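One chain, chain A, links the two complexes that follow: it is found with chain B in the first and with chain C in the second.
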Partner chain A sequence: MSYETTIGLETHVQLATVSKAFCGDRNEFGAEPNRHISEVSLGYPGTLPFLNERQVEFAVRLGLALGSKINRRSTFDRKNYFYADLPKGYQITQDDRPICVGGALPIRTASQQYAAGAPTVRVQLHHIHMEEDAGKSIHAAGEAFSRVDLNRAGTPLLEVVTEPDLHSAEEVDAFMSGMRQLVRWLEISDGNMEEGSLRCDVNVSVRKQGQAELGTRCEIKNMNSMRFARRAIAYEVDRQIALLEKGESVMQQTRQFDPQSGTTSALREKENAHDYRYFPDPDLPPVVLTDAYVQTLRDTLGILPWEAYTELLALGLDPDDAALIGEEKHHYLSFVRYARASPAVPELAKLWVNRVLPFLQQRELGLEPEQFATLQTLIADGEVSAANAASRLLTDLLENPGDVRQRAVDLGLIQNTDTDFLKHIAREVIGANPDKANAYRKGKKGLIGFFMGEVMKKSGGSAEPKETQALLRGLLEETT
Partner chain B sequence: MNVDEGLVLRLADLSKLALPPERVERLRTDLVNILAMVEKLNELDLEGVEPLRYVTEVEQVLRPDRIGNHLDRNSALANAPDSDGEYFKVPRVI
Partner chain C sequence: MEYYCTTVLFYYRTNYLTPMFYPSIATTQSALDAGEVTTVQLVERYLASIGDQRYLNIYVEVFADEALDRAREQDGRRRAGAKLGRLAGIVLSIKDVICYAGHGVSAGSAMLEDFVSPYTATALQRLLDEDAIVIGRTNCDEFAMGSGNENSHYGPTRNAADPARVPGGSSGGAAVSVQANTCLMAVGSSTGGSVRQPASFCGLYGFKPTYGRISRYGLIAYGSSFDQIGLLARDPTDIALGLELMAGADNFDATAPNRPVPLYSKATSEGPKRIAYFADILKNEKVDGVIRQTTESALKELRDAGHTVEPVTFDYFDYVVPTYYVLTTAEASSNLSRYDGMRYGYRSAEAETLEETYKQSRSEGFGTEVQRRILLGTFVLSSGYYDAFYGKAQRARRVIQEQLRGILADYDFILMPVSPSQPWPVGEQIDDPVANYLADIYTVLANLAGLPAIAIPAGNDPEDHLPVGYQLMADLWQEEELLSFVCRTKK
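Showing the complex of A and B:
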């Protein structure tokens, strides 16, 4: 019996705002414990939440990018549960009317990425809502207490909830990578999974091939590493299939993944939704957006990652070059500026991927598009070998921008294609090595390498190799 | 809605309330009465009427994304039953 896997994701995106969702505490990862707190984030009686306009803006921008419908009126609810790192006893979230509804994220799986063509799979979204993060609890081994740090309490989050529209760990990986790229592209989050800026709950179910209704799902909480998520999904799919094969049924549960053992285990039976006793938060009136506000954000959205990728392919780039250059918006924008001046865009892309992107990790690019165009022209005309241009010339220019042709001359990289000059040297070399020339003529054709080497030496490395070899062969054959 | 002892105990559990046994029946009766009062709404024809979520017409006022009003850590921890000078300490959760 073969089975089909169905996966839905709840992705949490921590927003890169300056302050928290409902108060002015600094929103920053990695500070000393309990430095970014206030009466509001500590849930003191009598305090009121005051919504950060940035959170709304970021939600709308993400929604517009994903093609969601933007609700002109959205509302906040309280999700009630008790936990030590949730001082109010409830989380402010949007249950009844979230800010964005529907939409889709186009994804490329690793196997598609390196095949030609634009993204094909579109993962449908259920909605996107605004909420706040909880604090952090630390449970050290052997201690009778837990420690609570509330720096993260009240950090603004967007939760992106997909339809059960994914079917493999590979697609989950592609979705999370795509989401990471998009939130960074839109500059609404740093998308850093290790620091928890991007994490997801994975809902997994299996059903027999051809079965109409979905199987019972289990939710694996808080995956903040794609490597773990892949292993957790693989384990969970096998576990559920094994249960069904034994004639047992899957219980709806919340499960956690243990990276040590590579297994998942039940955290709790799934509370039904009523256990959170959602109700409208009376402290927060509805968020009302005007059409003009939404339109302004739409107008300033700019090109989106999958559009940029398609455009790079249209410029003639390999899919893997397009993926690398199009990963980050500023790299993409910079590349197209240089591409406009370039005589050969796909070759420029190779230089970009191999030389410029690594350089940009450390430094700003000081070369103008015209200088790159000159460099490429030197290669195309055979004046500088492609290898020398990419390594010695470009390295020197990146470190110390200047006139490209002059630099090639200064570095002695201009190849000599002057036939008279080359012929002169070639004759000298042949004349000085009559035995080897004879051997060549008698069939030891491999000696051409020796003669090439000698000519290179005499020309100070400037002889253009193709031309030189043709000349040498000609001269060796004709001399008797 | 059937309000039985089990429901009262479950709500108490979710609210982290320790209910003395003698209060369970009293609370159950209160809950039944409250629900009966709300049930009266069912006598009205509410076809096409949106649920009232807010009793005022006020709209959300947004706050500029700026830093302000931090609470000093020592003061915050001073209000807690227990701390280690950096963290709040609570009875072990896991």
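Showing the complex of A and C:
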């Protein structure tokens, strides 16, 4: 019997606003515990939330990018539960009327990504809502107490909830990568999974192929690593299929993944689920957005990652180059600026991927598009070898920008195509190695590499390889 | 100085000379301006009055030294001819639910007995900026839940008109603080009548503004969509000035909109007004006879003065109290979740685990009435009951507001009793919460609809000499109309 897996995700995106969602505390990862706190984030008596408008702006931008409907009126609710890292005893969230509804994220799985023209899958979204994060509880082994860090309490989150529209761990991976890319592209989050800026709850169910209704689902909480998520999903799918195969049924549960054992285990059953007693937060009036506000954000949204990727493919880039260059918006924008001046865009992309992107990790690019165009022309005309251009010339220019041709001359990289000069060297080399020349003539044609190397050495690397090889072959045959 | 104080008290009690407690901001400030009295002397008189009436249990804490320091500093400025704020020399009390940086604030609860606020409420800060002097924090029902001031961790406050009786609540200490001449004006709070009802029980004006008129930041929450800071005073003009100074938008309270603040203290009222009343109440046997009488004579006086006074009907009196209690307890159950023994407040010493800490701290830290309301509120929000209770109450609230505002589209004010009953003996209603809840019927209307309303004193019951009063309610944001009318008709 074959089974079909259905997965829905609840993705939490921590927003990169300067201050928290409902007060002026700094929103910053990595500070000493309990530094970014105030009477508001500590839930002191008499304090009230006051909405950070940047959170709304970020939510609308994400919604517009994903093609969601932007609710002109959305409301905040309270989700009530007790925990040591939840200062008010409730979390402010949007339950009844979220800010964005619907939409879809186009994804490319790893296997599709490298096949040019592969179709993208569009993962349908249920909604996006705003909420605040809780603090962090740290239960260290061997300590009889827990530690609570409230720096994160009240930081702004967007929760992106998908329809049950994914079918494999590979697709989940692609969705999370796509989401990470998008939030970074929009500059609304650093998308850092290790720091918890991006994490997800995974709802997994299986059903027999052809069965109409979805199977009973289990929710795996708080996946903040794609590696763990893949393992958790694989384990959970196997577990559920095994249950069904034995004729048992899957219980609706909240489960957690244990990276040590690679298994999931039940946190609580559905009947023991929290009753969160959601109700409208009386401290926060509805968020009302004007059409003009939404339109302004729409107008300033700019190109989106999947549009950029398509454009790069249209420029003739390999899918893998397009994916690498189109990963980050500023890389994409800078590349297309250089591509406009380039005589050979796909080759520029190779230089970009191999030389420029690694350089950009450390430094700013000091070369103008015209300088790159000159460099590419030198290669195209055979004046500088492609290998030398990519390594020595470009490396030097990246460090010290300057006149490209002059630099090639200074570095002695202009290739020698002067036949007399090359002939002279080639003769010398052949004369100095009669045994090898003989061996070549007797059929050890692989020795051509040796002669090439020698000529290169003697010419100080300036010999143009194609020309030199032809010349060497001619001379070696000639002396027979 | 000692000698002077004693003399003052003697004169005050025997009423031989002009009373040494000025009845209004204007009279106080002109006495200060004339050099008739110094600010320090004023504060000392109030402090002596507090010391003399400890049995009323008005204050949870008196800020004596600090009040004297502020008074001394103001006297210095006054002598030097330097600028003084609009409340210079004005001594206020604050209800024990209003946060004042560096001062204790406990909401009348063991839960917060040792809690010191690190910040000051926006409304209070605005009064302090105008040189108001805060003499202490007043007793109240725990977390403002009650109407007799009997639900306080610090014991009941007593009505100065008859110490065997309650002063009303929840701002009972606030009302008696003015009634017993321990300060000039009291800052209280109203969720369902907690300013008007004690004001009326103590023979004062008690005013609750439109929801959102005054920032709630720093007011310990009970029912967030109902709570408003209010004022209790002998003179409605003082209330107008206090409101003018406290009102307006605040970047810490999203429910206080950015509406212009009229100069309430300068407003005047002219011409005949249209006043509505509910005829049914005047026939209702459950309403105390003296209250019905007071209401009727108030209506008659207004009619005689040339105003239009007409009966109107309101169809939802049966739903008022249930709607109010479903919604406020729901909000309270969530608002009071933060008192969990974790970051501040009472933590049970016996608790070992997290869950025990929650259960024991909250069971030991909260009083009976607070626990009752938390449980009720938790229940009405529970999955499966939400629609039947909370959802329905929300719809009822809208209907109630619509009908009241419909009446106020045709009339300037609605006149009605504050409470169906007069101050009851301390301890009498403590075991009958439903009777207590039902007594809120006339005051909760204004809070359900967010309307401004003011309790107006109307003398004393000729038999037992307890104060009587009535209230006027106006449409949203019509404080200017309401307060100027009350000032104009003040006897």
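Simple rule for what comes next: the second predicted complex is superposed on the first by the 420 of 480 C-alpha atoms of A that agree within 3 Å, B and C clash if a C-alpha of one lies under 4 Å from a C-alpha of the other, contacts with A are read in each partner's own complex, and residues count from 1 in each chain.
Note that a contact is a pair of C-beta atoms (placed from the backbone, for glycine too) under 8 Å apart; a residue touches a chain by one contact, two chains touch by 3 or more.
Note that the coordinates shown come from a computational prediction; the quantities given were computed from them, not determined experimentally.
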- Message: Once the two complexes are aligned on chain A, which partner has more residues of chain A within touching range, chain B or chain C?
- Response: B
- Scan A:Thr17 for contacts with chain B and chain C and give back first, second, both or neither. first
- Item | Which superposed partner A:Lys88 touches (first chain B, second chain C, both, neither) | second
- Message: I'd like to know which partner A:Asp149 touches here: chain B for first, chain C for second, both or neither.
- Response: first
- Query: Which holds for A:Glu32: it touches chain B only (first), chain C only (second), both, or neither?
  - Reply: first
- Task: For A:His139, decide between first (touching chain B), second (touching chain C), both and neither.
- Result: first
- Which partner does A:Pro45 reach: the first (chain B), the second (chain C), both, or neither? second
- Item | Touched partner set for A:Glu53, first chain B, second chain C, both or neither | first
- Item | First, second, both or neither for A:Arg78, with chain B first and chain C second | second
- Message: With both complexes overlaid on chain A, does A:Pro285 touch chain B (first), chain C (second), both or neither?
- Response: both
- Note on the structure: So the chain A residues that chain B and chain C both touch are 39, 42, 50-51, 80, 82, 84, 146, 148, 275, 277, 282, 284-285
- Item | Touching residues (chain side chain A, partner chain C) in the complex | 39-40, 42-51, 78, 80, 82, 84, 87-90, 146, 148, 275, 277-279, 282-285
- Contact footprint of chain A on chain C as seen in their complex: 97-99, 105, 107, 112, 115, 117-119, 121, 216-221, 223-225, 251-255, 330-331, 333-334, 336-338, 340, 342-344, 354, 358, 378, 381-383, 386, 390
- Which residues of chain B touch chain A in their complex? 14, 16, 53-54, 56, 58-71, 73, 76-77, 82, 84, 86-94
- Contact set on chain A toward chain B in their complex: 17-19, 23-26, 32-39, 42, 50-54, 56, 75, 80-84, 96, 137-139, 143-150, 275, 277, 280, 282, 284-288
